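Below are two complexes that have subunit A in common, paired first with subunit B and then with subunit C.
For the complex of A and B:
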């Protein structure tokens, strides 16, 4: 499917849409898990409260609970790879991932009792924990904003195919400009393309604008067309409007590139830091048991 | 064969996120080829198709989305006619993410876990096990042996080190190498509660040091600081804070036991410093006028440390009591009767057979007449007779052995004398030279030794003599007037502390920390001074305990009313001055440091 023949097929989008039975089911599950997490956190808090009054090794116990929660978080990754096992849909695991992640934050502070530990390797654990947590929050924000905006774009394109689609649009635009030069015997459109639109079609532009949703790119295109308009005759104007249409499609493609990229790039921080966190947590478990 | 019938003609370009590589041309925002790279990351699009031989002809296999079969068709040798330079495929985001994770994990392993530190004695990198800086009190202690000072497993070889994870590694044993306590180190409050009836039947588990003291929390960490919750784990019923729920102080707090010295504040303030009849005792009127209302007349406040110390005997007591000290004589011998001191010295009972006593004394007088002081030295230590000259001893011995009177002479103000004593009786007696007199101290030491003697008879003699010596009115040197309590309770081995002033020790039973006067001076009600906390008790029977009778210590009543919890709560309350358990209470009893032993023992191992 190319960007030209895409339709605004909201039904094909993988995320459940608001109001659908699947969305309602997910909402119920999410609510159930949130309640579970809150109850679990209350239970752990009571346990810690009791533990401190009874000289229990509270930090050991909260540490083991936190370790199990972190392993539960990592299991989402394993679930994606264990396709042959009937472990339920990934979206349910993702919900569990959200809830366990939220539970891990208060658990972490109950375990450490401090924002920044003293030990050097423990500081690495804290660093990776915070990095994974902050990147997760950023990721959740992205996932709440960008999929809706991508649907609103009315087109779909696989992220890895964007370079090819972009090249196709560039070829189309250049072919149109050449045709305009031949047909109008004037190089006005051609020179103007070379001076302004060629930069635009070279690669994705206005990435930050698309992420922030400012619409600066649309203004840029319309301004370029409007500036030239009074110097064009009727035929040239028609070609210019066709070029504007192609630029608009390219603009949609840029939006896809920016938002899909954001939806993927936050994992560059989240996944490695989570893996390092698990490795260091295992090491911490060993060291603690050897030295205490 | 038409295009649509050709195998692979309708195939779509397979570009998916889970592939490891994608076309390198796409990376430069060019048009990707339809084949894409292979699994090893090599370009698969150097030619646009792989022609297939149908019969004797090579047919183009370029799919529809790449433009369909080309017009030129394959070359005669079966190769594609549309060739281009191969690209350098690039990794997909997913593949790059995996690679970043692996590299980061590898770097972490190298940096933290298997990176050998040149200075360490362990095979692990110190950074990889660094749980945080030690508190400042322990930082220097580990300089020699590092982690192994406390963690024995640290110097194990790799296998033993890892296996230690499956065994208990409590460091309490290492703690008590240096930290010594009066009782069992791991028991609550260092006391063996199993012997205490109050806790009979209650399981009292050992408490590891690390339960309350958490190391590796930085140099500024206060190791001794323990939360109130820890105390509440045993002490029930639990209460919120000192203000709300803490039990009331005991009825005699903080003077349930007497000190060493008898000093009746009530009689001094209300009588001796006021009543004119006591002027004849040598009282300084100016001192008395101030002392009855100003505590600092006797209790000095050190300006630098704000400590409160008792002024010396010479400063506050001597004016009235120095004459009493010299007036009360130690009568060693009288010719007609056995004295208390003589009885203890010779071992002859005052109530014993008169004939035996007379005969024994006669022999003693003869010895004294012949050899002077040395006749007495055989009975005991020389310090009992310090200052006694041979001539004085001979004078007494010579006269009494011949049943004659002692020569008439005026007795000296102090020292040994043979002649008429203050009661007009002939005697060999001693008058104290000064307060803190060494001869009288030696005699009290001998009496204490006698009280501990295994021989019942000697013990009885010593007890009788001690009562005489401590008599407030007639005791030698008037020592018993003030020092009776301390001298009665002192042990045989005491080194003289029984003579010294000692404030009541409220800390022992209640696990209280020593009270700090400097921190509390003038904070409650500066106008009231000491009276802000210390109120006189009008109906106290203070003197009752300081009698020769064996009065139980429980019956002691201080001159001062008990300090009530409300007095402390005025300041130590929520939102004001700290009122945690540790503000007043200490967990350990008699903590002592034996620094260096751990390192030495470790070196031996």
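For the complex of A and C:
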């Protein structure tokens, strides 16, 4: 009879982690897809080279391949809506989306042979293709950088609740200032609040600074407090410190607003341009087939 | 949406949907004459829930044919059973094969039906078809019951050449190796699962045609709360059955023969610490911002002398070792774990006195079997292979490595079997999980993507489908219950009366009360109180969907997982 090895199973808690089982599985799948994409692209490149030597209809073939790739990219959105169908989890489709997206760039250049086409209609296609591609790269950067920075802010808030939270902080700040004025019999803090912090509490501020991570807002808050300090007595100074604490909380909320907003809004560029690209490409396909 | 108009509907009450509408006054009269009920002082029951009312509405009389399985080992159950007539047998060991137990697969909706609903769900929140309310009583006459007579290999159960007919009066006994015991008329069984919120510990079947009174656990609770004799009897049976069923199943003792186990059982003590209704103190303590360790009852301390091996058979315990001015959690214990083995085995080997190297406290409630040291020395240790490592070795880990476990244990997330864990470092706040949940639930999401966090880990406000679902405590109708297999905790909207008991009971605030509306958008109002009719709602793990939890499937970045806490602790660590 062996004893249940409880101790050693619990010691697994301390084992260094290379990643969760799901993360490892996703990494393997991603690698597999990349290898497949690279091989596919090599095959296409060889085909294009051979085709040009033998005067095949290379641009037709590369065009169809590119169209299928673009349709594959768009299917991610459909997959998210058709969750009940047993087509694999969405995270696998996102991996495919990344790989197809990366593949579409060299395919595009192989198909068009140029950075900027001459035809007006093709220029629109190019415009939406580049918009979708660039916005995708920007989106990937946002998704890699901002989640960690949001965690480091120390508290979580749902994006749609930010306006309510902001309003609450504004009310709290104003109530504090009024209390300061009443208690100290001096309007110094109140007057200064109207000149400086009222602007700050009105709505989210320093959005670009939060997106770029420059910390400008912190400097602004600290400077505003420092500027007034020489005119305050001890009681007023304590109120200013409390106001500063509220301003710091508001600053965190602004950072959430900026970064969570960016995480949502990049899709408003990416998705419409992708849809327009598909629509224009469909018409392009029809026209090419009619006139070829 | 016209909110001026509203639909009038009487507020649902506890017995709007009786357990069996076919229970008549005559049936109740017959039950009241039985010695089990005749001895009860009916005047101790409140007017709102009289004894007769409990028997008529929370009980049902079920007739079983020879071979019918009454309860299956491993199922979750919300009922206890009182044998009225006939012979019933319990299978002691070994367990019957899965095929014999005839588990019906959980019914899943067809994919096309789910797709259709996803495309056509109402844009008004919390719409209900109120015409369905009050029609939900189960038609027990048409319930399919598994039977031993359905087994494909009957010879393995009854022996070769045994004549089995559908109209036989008595089932032949099961052959070796199966051991069974007869439960005579008047026996109460199934109370452990019903009251303890745990799986059925044994299979029980009808040997002859028999009549059984099935009591919903609410009935059992109400009767035992009002009658001392029932309370004492239930607790006595509860303890005795736990000892009989849990001891042989404990991983540490599984290899021992029946005779040795009996000797051990005869001297083993059953102990309970904490409270079955720990959620009340837990929530109160959180409101007062008390530290988790302050709310935990101490079972024993580092430095105490051990006098017996503790086997955990229910609840959770925290194992700690002193560190600075606090106590560091080394691990937590749950059913199947043990405590004190290292020290006791050392003492047996060396012949010297040893003290506990760690402390044990209660997380909520803790049920233990204590095997005294002399019994261990005589019957267990001579056959034991020396443990490979020691529990105290875990104290050598860096403190930071255990931060997640400390936090999860403090928050009592150890209770969860399908905790919604979000890695906020991967989460891009797209809310696709919430959208997916809403689309598969008529436009009503069942969770909030927010909750307690530790660094990059968030446990979102979504039902965790706990090992110990305290939300079941107090539900007057049994609307919130566990599915028979799998143990998913779900709410039957048709029988929920919106009392809010489960909402208040949930220690994690994962259940919500929502006002309901008719299809036209009219709010449904109680004409007496003029208050909106409320229903409890929470995550159901998409148990009726073929694809499983939509939230997990929808997360494109692999940030959201529905996982058991054991995996949670093993894979989670705070970010570098």
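A few notes on this one:
As a working rule, the second predicted complex is superposed on the first by the 264 of 292 C-alpha atoms of A that agree within 3 Å, B and C clash if a C-alpha of one lies under 4 Å from a C-alpha of the other, contacts with A are read in each partner's own complex, and residues count from 1 in each chain.
Here is the rule we go by: a contact is a pair of C-beta atoms (placed from the backbone, for glycine too) under 8 Å apart; a residue touches a chain by one contact, two chains touch by 3 or more.
Model, not experiment: these values are computed from the prediction.
Once the two complexes are overlaid on the shared chain, A:264 sits against subunit B and subunit C alike.
Contacts of A:202 after superposition: subunit B is touched, whereas subunit C is not reached.
Judged by the touch definition given at the top, the superposed model places A:159 against both subunit B and subunit C.
In the superposed pair of complexes, A:91 makes contact with subunit C only, with no contact to subunit B.
Shared-chain residue A:234: touches no atom of subunit B or subunit C.
Contacts of A:22 after superposition: subunit C is touched, whereas subunit B is not reached.
When both complexes are overlaid on chain A, the residue A:280 reaches subunit B alone and has no touch with subunit C. Legend: residue contacts after superposition of the two complexes on their common chain; A:185 is shown touching neither subunit B nor subunit C.
On subunit A, the surface touched by subunit B in one complex and the surface touched by subunit C in the other have residues 158-159, 264, 267 in common.
Subunit B contributes residues 13, 15-17, 19, 22-23, 25-27, 29-32, 92-94, 96-97, 100-101, 104-105, 108-109, 112-113, 127-133, 147, 151, 153-154, 161-162, 164-166, 169-171, 207, 210-212, 216-218, 227, 229-230, 232-233, 238 to its touches with subunit A in the complex.
Residues 111, 114-115, 118, 251-252, 254-256, 330-331, 336-338, 341-342, 383-391, 393-394, 397-398, 401-402, 405, 424-430, 432, 436, 439-440, 448-450, 453, 455-456, 458, 545-547, 550, 552-558, 561, 569-573, 575 of subunit C are the ones that touch subunit A when the two sit in their complex.
Against subunit C, the residues of subunit A that register as touching in their complex are 1-8, 10-14, 17, 20-23, 26, 76, 80-86, 89-91, 93-94, 142-143, 146-148, 150-151, 156-159, 260, 263-264, 267. Interface of subunit A with subunit B (complex): residues 52-55, 57, 117-122, 124, 158-161, 163-164, 166-168, 171, 202-204, 264-265, 267-268, 271-272, 275-276, 279-280, 283, 286-287, 289-292.
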